Amino acid sequence: MRFFSDNAAAACPEALAAISDANRIDMAYDGDGYSGRLNAAFSTLFETEVEALWVATGTAANSLALAALCPPHGGVVCHSDAHIQNDECGAPEFYTHGAKLMPIEGEGAKLTPDAVAAFLATVRKAVHWVQPAALSITNATEYGLVYTPDETAALGALCRERGLGFHIDGARFANALVHLGCAPADLTWRAGADALSFGFTKNGGLFAECLVFFNRELAAATRYRRKRAGHLLSKGRYLAGQLLAMIEGDVWLRNARLANEAAARLAAAAGTDRLTFPVQANELFVRVTADEAAALRVKGFDFYDWSPGEIRLVTSWDSEPAHVDALAAAIRAL
Amino acid sequence: MRFFSDNAAAACPEALAAISDANRIDMAYDGDGYSGRLNAAFSTLFETEVEALWVATGTAANSLALAALCPPHGGVVCHSDAHIQNDECGAPEFYTHGAKLMPIEGEGAKLTPDAVAAFLATVRKAVHWVQPAALSITNATEYGLVYTPDETAALGALCRERGLGFHIDGARFANALVHLGCAPADLTWRAGADALSFGFTKNGGLFAECLVFFNRELAAATRYRRKRAGHLLSKGRYLAGQLLAMIEGDVWLRNARLANEAAARLAAAAGTDRLTFPVQANELFVRVTADEAAALRVKGFDFYDWSPGEIRLVTSWDSEPAHVDALAAAIRAL
Amino acid sequence: MRFFSDNAAAACPEALAAISDANRIDMAYDGDGYSGRLNAAFSTLFETEVEALWVATGTAANSLALAALCPPHGGVVCHSDAHIQNDECGAPEFYTHGAKLMPIEGEGAKLTPDAVAAFLATVRKAVHWVQPAALSITNATEYGLVYTPDETAALGALCRERGLGFHIDGARFANALVHLGCAPADLTWRAGADALSFGFTKNGGLFAECLVFFNRELAAATRYRRKRAGHLLSKGRYLAGQLLAMIEGDVWLRNARLANEAAARLAAAAGTDRLTFPVQANELFVRVTADEAAALRVKGFDFYDWSPGEIRLVTSWDSEPAHVDALAAAIRAL
Amino acid sequence: MRFFSDNAAAACPEALAAISDANRIDMAYDGDGYSGRLNAAFSTLFETEVEALWVATGTAANSLALAALCPPHGGVVCHSDAHIQNDECGAPEFYTHGAKLMPIEGEGAKLTPDAVAAFLATVRKAVHWVQPAALSITNATEYGLVYTPDETAALGALCRERGLGFHIDGARFANALVHLGCAPADLTWRAGADALSFGFTKNGGLFAECLVFFNRELAAATRYRRKRAGHLLSKGRYLAGQLLAMIEGDVWLRNARLANEAAARLAAAAGTDRLTFPVQANELFVRVTADEAAALRVKGFDFYDWSPGEIRLVTSWDSEPAHVDALAAAIRAL
């Protein structure tokens, strides 16, 4: 009974069917019929004209976005727990040709306008110092917290004021969105975002992420950078097909709801005292002793130790209800 | 009736089935059971211990290989018609951090030891001049010609003598191999190759290439570089599964034979006078007038104009026999 | 008696005096009084507002200029004999983060609009192919030929039409200018140039080049890139002082005239039959047999063998008249 | 009366004389007689065979050293106050092609083996995480503190044990050395250092730093990288000459002593209560109120405000004794 990562989940039936549907001869790269519908489909979803590029991984989506927003001699402000800072083996530095990530602090991997502004105030404006060029946040955050539309918009306003590009790492964007119940636009361009790494792989795709540019001027160079990075798949239709299948039937929302609901059940079982943070998406950070963690493993539950005295549980669209119930009971029984 | 690229072909049933087989929870990235079998499977195939890394595109495989063989201040000798030089939007330069491709000439995109040696003789050994660090050849070449084991070994010997790494772009390695009927080892490590970009996508995969290191010391850093390039798919089992399915049942050889046989039938129809080069793999370059090309298109055949008075025809594992026969007849009727 | 390179010449008295003059405490980097006068001095010289940045080497000037004009995924069209292509160990690729140099041909290392346009016509507009972003020419060329204002303007017009940045490597700009007798503006911004690497080191400086931006918007980012490349000297006043001393008293023109006149005397001695190219600046390429070359060396003359049957002679501001006369006589005596 | 930076000081007579001495025709780049003596001169100084490369700036020396010690996908552990982290506009990231600086904490910008080991323990060994490849310390530190031979050796031992390269930023190496009175070898290779950025510019040179490789295998590629970075001056003899003039007559030690003694006199005047750190080299960090700082400025003293309630004073080889006395008196009078 695995609760270690939504990255490891199976693909949902609709995504899998899209692979079969796309299995016919068509133009190569992104010249196929599926890829050709992406801009329109995502523009509809976001209620504004966007440029939507498929890529196979979230790391590629994030790095291409940052390369579009930050020159090699610039800096990207982010949280010190951000995936781009910690878990991508320097991919942002590779794609940006050495831009500097500028990690700052905040509760639950969330940034506030005050924290960002305070950091910006420390950077002197002269050639000796790397100048911040972009802000990147993760929604939901690496600790499963959600930025509301207002919180996002406050950061977006600061970016506009200071001339920073604004990127959102949405590896779990769907989970944030269904928690909030708002429109995708409210969490993105209406809040000032230039680019979104819109994750589908953790949410039931096989290998499917969409890099969405609300600032559409950034897309043209990025299409060259995607090719140059070896990320323009020869048979892109398999990737585009997944995205369309998951967007067009609201499969992405259904999947995220399933994951969030499973997490909510576990959260209820754990109770607030055991939770490091409120559970808003599909990740739980639970305080347990080493003995308690061992006891859970003995019962057949897989998960990561996060820090001493803390474990991470991640649910996904395909978390089996029986497993979730069993884990909830096991937690209650601790 | 499409003969414009094997890149656009459908995936074969075995590759597609591998996707379904892999559609269950497993460890993420390359920690899954399929990925864990790659080294062994490819070591068996090549009759020596190799390191085998999946990647989603040939451009990524080539670029990662070159980055392993050439420092940023070095050069990669290749043919002026090489895919790495012409068709990858500078991906080798991106991955190598600016190494210089050093294109030289040769018939049918083939390089000879004499041509390589003659080029090397022009490079003075001092810091003002980029020093060649690697040789990259394509087998089968961009014009569908095949390097024999002896021809490959002669280049490999030169590389060893001059201290150059030796890379083979094998986007159509299968097609070369079935033409020659030799062992995979004869075209690679026995001939001195350090790394092979082993193509499966053009040969019936969905998105599946294998970067094979015969010089196994190069693999460790490349695993970091693959992650850093955003090419470590979260659910790598879908990719590893395809490779295993195509290798373990000799599907890759069957597919390449189908493509080569289709090309041979078209070549026979065209006759040597119309062919720019002998047809050894699955590509034909055929001399036709503009009127003749138009006539073929009127009959429903799709293909690329290659140069004035020359078209390119590419067959694939799924070229329908009826289409091939029809095209052969149409060519004979010109 | 050395005629192998103007790179090896001594510094002129005015440049040397500038070092002493600058030897007092002042603000560090480019905050000093000398550096502060550069923009004004070069704006006067060029009869338009420019941004003028000192750098210590021509390679740095060229590479910073190209990085300002070409993105990492773009290309720089240049002559196949260009210094940037052949003699800078890949510095342009380093500074541009892997942009592709696109060498084309032309007599005497000169490019024509027709040759450039013919090349551009071969580049298909799609993400698989590196798109040219800039043109770089060398004036005087690597073979000592000079682009006239009209020739330069024709290239500049083509650049504007095709959206290319236009860079001039002026390592021997002074030599070209005094040959033509025109205004500096005529060879640069009036002809459409965006940036000039204005060389002083070969012309009597110690270590002094000026990167002049006519397209002033390019300067701001370049100031950061200069720092980031370790080229912002702590005591920039020694460098700025040289530039001012050589510009403000027309020392640069005097020096170039001395070098050109010495070359002209040698050219007259050699006669047109022996010269590979007309002598317009301070370099001569002279056809001599191996025996003749040996005979010149026996008499004490140092120079480079250029190609079989051809030597290169370079004069400089400090070529001693007696040495020049002796060499002229020796050539006549061959 | 300027106490804001040793970067702004004048050059010493010996360095200036070296410029004049070198002002004659010689071979270009580093083929001249001065450059040819560098390895021998620095090998003598360090009592072991070294490779010594001149460069014009400390930023270039640091960055070239780090590029030799750390691959693009690796990390460089350093202090969060390190010059390479804060004051070089991302130059290390540029030269290493995007390696990640990994800043950690320590009093007075000094690192301890415990702090380094504690950091290393946090880095999991897998491809998602940038692996540390090198350690860089600054001696004297950015706060004017000195690592002793023992302290340095303890860090060097840790580096050897963990497979890290070991770089020392010695912008003020001379100041550290004269404070300690030990041999240059004791602070470098005997303590396990692979490379030293040996600063001369802050210590009385015009533009002169020496990148010293104790691990001599690193030098060959670095010579290419230096050229590729545009740091191979055409007339390197002016730079090599300065280094020789300052080494061969112990000018560098004399200059550092002068600076340190001036600092010591100011420190005595300030008293330990006002000093943030003990004064071991030529920098003082002094607690003063805003009014006190203003009072000092009114008397004609120039310096930087460092943090609220703290100013930085830097002495140099040419700090005029009268100015030092005056400042000491003024501080006493606060």
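Going by the order they are written in, the chains are A, B, C and D; count residues from 1 in each one.
We adopt the following convention: contacts are C-beta pairs under 8 Å (C-beta built on N, C-alpha and C of every residue); 3 or more make two chains touch, one makes a residue touch a chain.
These numbers were taken from a predicted model, which means no experiment stands behind them.
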Practice problem: Note the shortest touch-path length, in steps, from subunit B to subunit C. | Solution: 1
Self-check item: Most widely separated chain from subunit D, with each centre as the mean of CA atoms
Solution: B
Quiz item: How big is the gap, in whole Å, between where the Cα atoms of subunit C centre and where those of subunit D centre?
Solution: 34
Quiz item: Cα centroid separation between subunit B and subunit D, in whole Å?
Solution: 50
Quiz prompt | Euclidean distance of C-alpha centroids - subunit A vs subunit D, Å | solution = 42
Quiz item: Going by the touch rule set out above, which residues of subunit B reach two or more other chains?
Solution: 29, 72-73, 88-90, 94, 97, 127-128, 224, 227-228, 232
Self-check item: Of all residues in subunit D, those that touch subunit B in their complex
Solution: 29, 71-73, 97, 127-128, 131, 221, 223-228, 232
Self-check item: List of subunit B residues in touch with subunit A within their complex
Solution: 2, 5, 7-11, 16, 19-20, 23-29, 55-63, 88-91, 94-95, 201-202, 206-207, 224, 227-235, 238-239, 318
Quiz item: In their shared complex, at which residues does subunit A touch subunit D?
Solution: 72-73, 75, 86-90, 93-94, 96-101, 127-130
